[in-house]
Amino acid sequence: MNPEKLKVAIVGASGFTGSELARLLISHPEVTISMITSESHVGKPFSDLHPQFYSRLDIPLESADQVEKVDVDVIFLALPHGVSMDFVARWKDKGAKIIDLSGDFRLSSKEVYEEWYGKKHTYPDGFKTSVYGLPELFSKQIGDADLVANPGCYPTASILSLAPLYALGIIEADSVVIDAKSGLTGAGIKANATTHFSNVNENFKAYGIAGHRHTIEIEEQLGGLAGSATTVQFTPHLLPVDRGILATSYAKVKGEMNQEKLTKIYHEFYQDKPFVRLRNQAPGIKDVRGSHFCDVFPVWDTRTSRVIVLSAIDNLLKGAASQAVHNMNLMFDLPEDTGLNQLPLKP
Amino acid sequence: MNPEKLKVAIVGASGFTGSELARLLISHPEVTISMITSESHVGKPFSDLHPQFYSRLDIPLESADQVEKVDVDVIFLALPHGVSMDFVARWKDKGAKIIDLSGDFRLSSKEVYEEWYGKKHTYPDGFKTSVYGLPELFSKQIGDADLVANPGCYPTASILSLAPLYALGIIEADSVVIDAKSGLTGAGIKANATTHFSNVNENFKAYGIAGHRHTIEIEEQLGGLAGSATTVQFTPHLLPVDRGILATSYAKVKGEMNQEKLTKIYHEFYQDKPFVRLRNQAPGIKDVRGSHFCDVFPVWDTRTSRVIVLSAIDNLLKGAASQAVHNMNLMFDLPEDTGLNQLPLKP
Amino acid sequence: MNPEKLKVAIVGASGFTGSELARLLISHPEVTISMITSESHVGKPFSDLHPQFYSRLDIPLESADQVEKVDVDVIFLALPHGVSMDFVARWKDKGAKIIDLSGDFRLSSKEVYEEWYGKKHTYPDGFKTSVYGLPELFSKQIGDADLVANPGCYPTASILSLAPLYALGIIEADSVVIDAKSGLTGAGIKANATTHFSNVNENFKAYGIAGHRHTIEIEEQLGGLAGSATTVQFTPHLLPVDRGILATSYAKVKGEMNQEKLTKIYHEFYQDKPFVRLRNQAPGIKDVRGSHFCDVFPVWDTRTSRVIVLSAIDNLLKGAASQAVHNMNLMFDLPEDTGLNQLPLKP
Amino acid sequence: MNPEKLKVAIVGASGFTGSELARLLISHPEVTISMITSESHVGKPFSDLHPQFYSRLDIPLESADQVEKVDVDVIFLALPHGVSMDFVARWKDKGAKIIDLSGDFRLSSKEVYEEWYGKKHTYPDGFKTSVYGLPELFSKQIGDADLVANPGCYPTASILSLAPLYALGIIEADSVVIDAKSGLTGAGIKANATTHFSNVNENFKAYGIAGHRHTIEIEEQLGGLAGSATTVQFTPHLLPVDRGILATSYAKVKGEMNQEKLTKIYHEFYQDKPFVRLRNQAPGIKDVRGSHFCDVFPVWDTRTSRVIVLSAIDNLLKGAASQAVHNMNLMFDLPEDTGLNQLPLKP
């Protein structure tokens, strides 16, 4: 191992997020993967779970207990919500920075968490120190953090769609509708009726109507930008594709607006953000597949006096794994795009 | 030919709509297909264009000119907008009823048409007699009509989503957002960049933002139900599937509302409509694929005080061909479900 | 219930085959569905399992035990292999004809079954009376049978591809390769890694190489036609589609051959078989989707002196449910195409 | 521009191959893209044609005439066959090495070319100097070449499947069947009936039966390895996916064989080839998507005494663009894996 490289542990290897983290980190010039864990596959090569890594990443999977015994600089938790919190509590004083990709520390408090996730939070102190890991909004705080709560996939696309308007405080109360569509990997690697090919292929439907957990994450962040609580109508749908989120957001704004002014607001807000691409046509999810980009396209509809914003991300990357690597770069003072310049794989 | 059966001509055989009309009509117990036309394929067997019909519908294609020379009871125009109008003008006194599947006679006037379609209307008199062919709203008028304008696919799903609320006059002005998603067949059989497999597969994007022609069709019909003009925000998206439309509609309503009341409103409105199925869970487009059903699921969101309605149709059937057959049944006093009881093909 | 209609029971409602049987039988003019069973869902409406049937087939599911108590003319067993055999043994003297869609009675003997299926056969007497239900080869025997073993999906496509040549005894020993590709529904409705969307979508691979159970079924039937044992190389692959099998078969033949002669052999063999369509171009699986057709296209390659035959079926229909209905028609002296004239759903 | 980097021109930017070359070369550490040409889009930014490159590769497209005027080290011709040959003739003395991705110089002679491609070859001298650019077989010759004919996609997968056996001379004459399946991008970016979404999606069929041009390319290369002419039966099929080729190859071999011996033959043959991965299970095309790998899995079927080899590549990469970059690396004495270590994008 190169002693100058960051030593990382990936906890939770069996899912898509763990696999994508491994793919990015194995090519990251400043990183050495020290350990990958999976409780149910201890001893198996990583490539047994994810055959695409065959001959390139065959290291044996270990138990999370082993993380205690090694010296690592950063731990990525690619675990389900409700599981991560215990590991954060356990390793908080280990001297490693932690990037949690679950929903356990994204919200403002134990109370809000328990209301929306319907389960008890066992480490509420984590809310005091965790930083919401959306680099376009909080790069400075992330740089100083020891615990980063990596954002949800839908919230990433949704917040980046409307942040410039909320930051100006010009969104009309009660006017926001976010109609979002995600590829199937958002539903996870677990085999069940939802993920059965024949229920997804050639199909399309809404789910989590009027109650999806990402709603509160979006509301807290957008409300925070505006300086006052906000309510959004958020409806997710399941697309018959592997990857990608497209969010179509609708809002009424206060005061005069036109296309030129709208475009200018977005350009100013994102001028130093290398991974937000302001487009001048409707982005497709394939324009960003396999990349860390968030493509955003704001439209002013003169006829209805409404703003419509389209935004596209790869849910496994900007919506999860590459965002986590971006956060790592910020936490360790690396150039923020280190290891993240993959161009989209299209077609 | 059975002299008691309806003799039909299908004008325009090369597209998906013409092919679906043929598929339905060949199995319709009260119909004989007298003629199918296609200017660019005269003389070829119909099954050359659509090989799935091989050995079952091999009749030679004819020129539309031949329609003049035969006695038919009903003419289906499966033609692009801008082309249909001339045929309607030409055949209006032929003694056959006409069902036009294009957009040429769906709107209220020449002026509105020319504004939204950007081309001159050559037969404005047609607007005086044409009936908007949505059987759930206008079955009586359709029964008396000689010219039916078969509704657009998006309008069918959108109007049926919100009609019960508009009919009660309880929709709040300026609150309606319709976020709609369609399978690729909505883009037609023509080969171009939009329909190239690699631009559709694993992709998803919005189009026609803030200006799609179906917007005005929806607004006119819903406004008509309410008795006053209405504006809707309509955004279509392209799904990587062959068939199906899912419309997700959002609206604020006046007065008190709750789930029970909402459900009751919909049940009463659609109680005698055999092809609208009020669901108690979110419908997928595959639940209606290959059928004449429109599945509707209205939800009341207490938290946001907003109505969300999901509706699903097969864009080629309830959104085009089977709706046309339904109209034919009404026009000739047949039981309205004659030849239309196909169950969805799923998976 | 119409006393003159056939009363049928469908045993095993949760899978794709049970659902397709229900779809076909509900529209069959000579059938009344008396009962549908599912041990794990007793009491639930059938449409709870298969929402596409909502409002059209909501009858409560029953336990298979109830089949004992009712008078039915025909029982369809839509069960896994290894399960069907017990029900056949139990109901063999009930006075109902049985059509078994599993693999339990397709082979020649208990010994062959146990070798290839790796499990004990509990009702070997069934092999004495069961008839292999491929109507194109055995319509007369099926007409007289009380127990029909409905063929496997791959065997249906494979046998129909090569039967005309085997029947003439002109296939060269050891020359046959059948490279077959099936849609995912062939893997069943059970959720597991194989059927997870992300393992199927945009993917393609072979499975069961050199040992798939359908190999022996194909070999027994083709060998039977030739009058001597035969060996075939059979390799199945998994397509990222819902439905359809395409079999590409390769064979060397004895004696002179050319395209004209080859075409003639196939036309003569299938001249009275309404559901085998001899095509003059390569069939796609979508040309037969949703129909009972088997499209066959035999090609002579002068350069290599080899016959190549393409054949396409819908694995859930001609490969399962509609073939079972076809067998029922033959068993009850109905016109063989009764209830089976659905045209392919394309696109 | 870094004066020490290789200056490259990509001629033909509008297709998938040009776009993939750009994607790989922009990240290649030893390369500077000097110029990209497209006759029909001169002056437009490259990212106008391929929006996924927006903000990362916006350089204006130029005319191929401009290639004359600049100093480049290597020219990639991403052009259709029949077009490339003229550019090769024109630029042969320019002092740049040429990698031609078309089929114009892959075969042994003008005569063979004209027979299989059905068009006149205008620069037959090219056959004398061109080297077939399959690095696993000809790395030394490629290293010395000025003109490399980049292999076809099917031939790459097919030749690598059987090369170890042909090289030993143990293939039985007339026994080889290669049943190959390709994603749609193999059909190119041109919009036509073949590439229309609705003809590809949920569909699958064979094409080019008994006469595809890649047949002779495979035969010449495999025959060359064996030292005597060979005939193969090659049948391509079209998969409803964007990328990937799976070739299923069947062969009889001379002498004794078993699985252990077969595996050993392949391991020895490919021991120093970093991009051929010998798998111990059937590879899926998604295991290699987005990568330069060719996954190979040889199986011995004791029952039929036949070898079955599965091989999977990404047709746009190992089957085109990354193979071209691999060839460039060899031609300029760079480590052969420079810029080619992308891991597969899965799911």
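Chains here go by letter, A, B, C and D, matching the order in which they are written, and residues are numbered from 1 within each.
By definition in this document, a contact is a pair of C-beta atoms (placed from the backbone, for glycine too) under 8 Å apart; a residue touches a chain by one contact, two chains touch by 3 or more.
These numbers come from a predicted model, not from an experiment.
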Most distant chain from chain A by Cα centroid: C
Comparison of B-D and B-C by number of C-beta pairs in contact, larger one: B-C
Gap in Å, rounded to a whole number, between the CA centres of chain D and chain C: 39
Centre-to-centre distance between chain D and chain B (centres being mean Cα positions), rounded to whole Å: 46
Averaged-CA centre spacing for the pair chain C and chain B, given as whole angstrom: 36
Overlap residues in chain B, where contacts from two or more other chains coincide: 16, 185, 198, 201-202, 240-243, 283-284, 286, 289, 347
Interfacial residue positions of chain C with respect to chain A in the complex: 16, 184-185, 189, 191-193, 195-198, 200-202, 240-242
Touching residues (chain side chain A, partner chain D) in the complex: 16, 19, 23, 26-27, 50-57, 185, 202, 242-243, 277, 279, 281, 283-284, 286-291, 295, 341-347
Interface residues, chain A side, partner chain B - complex: 174, 177, 179, 181, 198-199, 201-207, 209-211, 231, 233, 235, 237, 239-244, 246, 248, 250, 282-286, 289, 299, 301-304, 306, 308, 310, 312, 347
